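When the chains are written out, they are named A, B, C and D in that same order, and each has its own residue count from 1.
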């Protein structure tokens, strides 16, 4: 089966800050790809480059056989890609319901109504908070709301940037479980940037380890997890 | 331990987020101290609280025995506390050489009246520019001296940011936020060697946030590790890097 | 009909505006302070000669020649302008001011040069002190905040001073009728030209020296990044306040020179179009943070405005209606030009230059590799 | 009611305060969306006012009462709204896209202000005597209608202004909370990047915000003009001071608080000055043997004074005050978390 997403010789960064060097990897349908690596190694930039927020200097991004490298973000969103930034991924001053409706901004109203209903079934805790402002939610709840918002547009490929950052272990576990549910029950393909390497590698199919903007490991997540040198590798200490 | 800079029980919240949750850090005098931790662990917030850019909700900051919690950044600088920024904050209208020269404080020519009396500041300024030239020579941006920051690459901007923080001659403590991010490894090693040299020659204390542990660990004397707004370990770099809580915070339990 | 497009009045305007534009350049161009209230600081210089200077002159006359003072008061009474207790009171009153000033004070000081010099020194000192104090008062509340606040506060302060306080309070400056200012020398225009030329030269030299000093560098650093400037030990609020005070003093020099040629200008004459907006336009055209640019922008713009003014002279059969709209056309032209400059060449004609504090090249050579 | 303040004056104050509320709200709106401090806002209001006078002069000389106010308000609303949109799209947006900084954009609005005033003055001058005979012949105030109420007289425009302000505020609030586009506008104000990712056309949001801002100003100007002494476009020179004062009092970054700030500034200028005047001349001056003094001509100083006090004590304005915390300290409400600061 052809991969859903292919990244070829990707070089990217922000203006004069060249962050990513020659990345090559692919993601299959219904795969969870975990991107790990020390801080500042380019994990977030990888997602931003795929989604069209960071600047791509060279290389290609192929989605379902189509070159989408130069498409603007909202065009990519229409094709079925979704990207969740690490922070500021919900509108804090809007109510939960308004947030969900904003997520379906480009869809016909009746479709939005329908999808909001469906999503609320999957995220029941939001029901009681529909009319509360999003800023009243806890960190974990906000990440789940952001996830729910992404689902309104029914994307095929979802990219999460450190959704567990700053969360207490229990909340982080809940977020991770939801990600597994997205793949197992809804059949989504997922790229997950995760700073908590063990947590991520345990649920991932493949893993991409970035160090200083270059791929230090690309292959099975289980193998990376079993690697005794993981710690040294992860922190960029392995020679 | 003889600590020159201390953060005592510092708490800083942003809305519901406790970025610093009772942090106590003691920076040993005349040493290079490394501060590590995953994203969102509060390192940069701590730097901002130490330098006075942010005021803590509670807790104290002590420099050389003096409580500086309520002081403005410029007042802390005058007491010898210098910092640089993770994302360089350069002066866009000033040349590279001017950016470096500005970082030395105490120029008698910085007044609306003394400014026009050149004899009052010529010698000081001459010395300042010489220092700046020597430093940009070391950081390998000398050939860019008459460029503006907008014409530099990301790495070169980073180098200029480091140059600036080494300029002040009254510095007691220098806080560095990721000094070698975006700099090539050879130069990154050289930067740390130079930091060691400055520590030895001028007795300056350094507190450095750095993610490139492969490079940094060889040069530092002491280390702190933070996670979720708390200090989870401190000690020699080896102790800290092998501390189970540090490994857990990076790799997950 | 105006024959020569470059009359003395026009030259005076050039000199006076060079002073104002350079002082604005110190604030806006070098330090990033959006002073939208320049008019009031120019007016403070004028008022030092007007509301204060003329009373001071009357006081000096009264003290040095009580006989003449009494004669003046009697004269007023005879022609039915009213009874005044003192010459100072008469000099500050709209009704009596003109006669007292033109018939007594001007001639008296033309014959007592030492006294005139003393008076001039006093007026100059008052103009500088007053304007600096006003600058401090108008900006201290917003000097630590974002630039929008400073711009709004300075604009509000200037408008209220010029259009409300001095307009409504007759005792300050004669109110809507105004009073005559103290004029030094027999020919007001000539005095104004000399003063303006001297002040403009001093201002230019001062601004150039400051721009090429460590202070010039510090001002530009504050403008580019106030947080970084603070972390590197500079008290940003203090630097801003100092620059505002000095620039206000310079602007007052312009007002003091200008009022010599037009001694009866009322406070409303110092409106924000002429004395705030025009200097901004000149500065933006010439180039922010470049003193030569400030001068160049002023000269170019004033030539343009002059030509627009002269338009009806060259178009035959123009009606009075056209004459009345000329000033508005001129304003619109200025507005269009500065928007075009902001769009096509935001750095202006002459771009910013580095602060030449010492010879960088020499030091670079001496320090070797 | 304090002795010495007539119902007419009270209504005039409330009318003026309502107009100022609408003006400050509009100013804050374009500030939060496009980050432009619009120094031409007062003149945009004058465009509404002069349009109204033109209409009355040419076509509606015999129209009185409610139809007059509704028509003029509507005309001012549309003309000024369109003007604001044109200014934004033709001048300000291109400048912002080119990377103009805050000061560049401010000076551009300053230039716009002077150009608009000059154009208005030019039209009035050229038309003088030929096209607007009645406009110049009569006092503007004479077009207003007074009604008898509670044994005294009040001007109709003074009643109409607060009513219009209340209706418009409610409509605007409903627009922001109940319509898809209004919610998108709030989303864009908070986080334009995220809104764009959701498919919101932020450019359209910015353009609409300029229309609303200009239209509210035009409406306020169209009704305010009945209380002005003359038709000079220079009237905006002082109004802009009060508008900014209202926005700063409200916090400069908050639309609702801008409305309240403007209203309070308006009340302070009119009612506050009058009360001060009465207090000084009736109580303070006689008892302390001070000379009588009329504060009435200095009403604008109220706004400057209030702005300085606000900037020195609470630079974030009314919006930045922790009302929940204040209430809880007074034992009325449980404490809430502090307002978040921006990370450096």
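The rule we apply is simple: a contact is a pair of C-beta atoms (placed from the backbone, for glycine too) under 8 Å apart; a residue touches a chain by one contact, two chains touch by 3 or more.
Since this is a predicted model, take the numbers as computed values, not measurements.
Undergrad: State the smallest step count from chain A to chain D, taking one step as a move to a touching chain.
TA: 1
Undergrad: Looking only at C-beta pairs in contact, point me to the busier pair out of A-B and B-C.
TA: B-C
Undergrad: Taking the mean of the CA coordinates per chain, how far is chain A from chain B in Å?
TA: 33
Undergrad: Roughly how far is chain B from chain C, going centre to centre by Cα mean, in whole Å?
TA: Their C-alpha centroids are separated by 45 Å.
Undergrad: Taking the mean of the CA coordinates per chain, how far is chain A from chain C in Å?
TA: Taking the average C-alpha coordinate of chain A and of chain C, the gap between them is 60 Å.
Undergrad: How far is the middle of chain B from the middle of chain D, if each middle is the mean of its Cα atoms, in Å?
TA: Computed from C-alpha means, the inter-chain centre distance equals 47 Å.
Undergrad: Give the residues of chain C touching no fewer than two other chains, as numbers and ranges.
TA: Those would be 227.
Undergrad: Which residue numbers or ranges of chain D touch two or more of the other chains?
TA: Residues 344 of chain D each touch two or more of the other chains.
Undergrad: What residues in chain A touch two or more of the other chains?
TA: In chain A, no residue touches two or more other chains.
Undergrad: Of all residues in chain B, which touch chain A in the complex?
TA: It is residues 15-17, 38-40, 152-154, 157, 178, 181-182, 211-214, 217, 228, 241, 247, 250-253 of chain B that touch chain A.
Undergrad: Contact residues on chain B for chain C in the complex?
TA: 51-53, 72-74, 77-78, 82-83, 85, 89-95, 97-98, 101-103, 105-107, 109-112, 114-116, 118, 121-122, 125-126, 128-130, 133-134, 137, 142, 145-146, 164, 168
Undergrad: Could you list, by residue number, the parts of chain C that touch chain D in their complex?
TA: Those in contact with chain D are residues 28, 32, 34, 36, 141-142, 145-149, 151-153, 155-157, 159-160, 163-165, 168, 227, 272-273, 277, 280-281, 284, 321, 324-325, 327-329, 331-332, 334-336, 338-339, 342-343, 346.
Undergrad: Going by the contact rule set out above, which residues of chain A touch chain B in the complex?
TA: Touch residues, chain A against chain B: 13, 15-18, 38-41, 135, 138-139, 162, 165-166, 169, 195-200, 212, 230-231, 234-237.
Undergrad: Using the touch rule from the top, collect the residues of chain D that touch chain C in their complex.
TA: Listed in rising order, the residues of chain D that touch chain C are 31, 37, 39, 91, 94-95, 98-100, 102-104, 106-108, 110-112, 114-115, 117-119, 121-122, 125-126, 237-238, 240-241, 244-245, 248, 252, 297-298, 300-301, 303-304, 307-308, 311-312, 315, 344.
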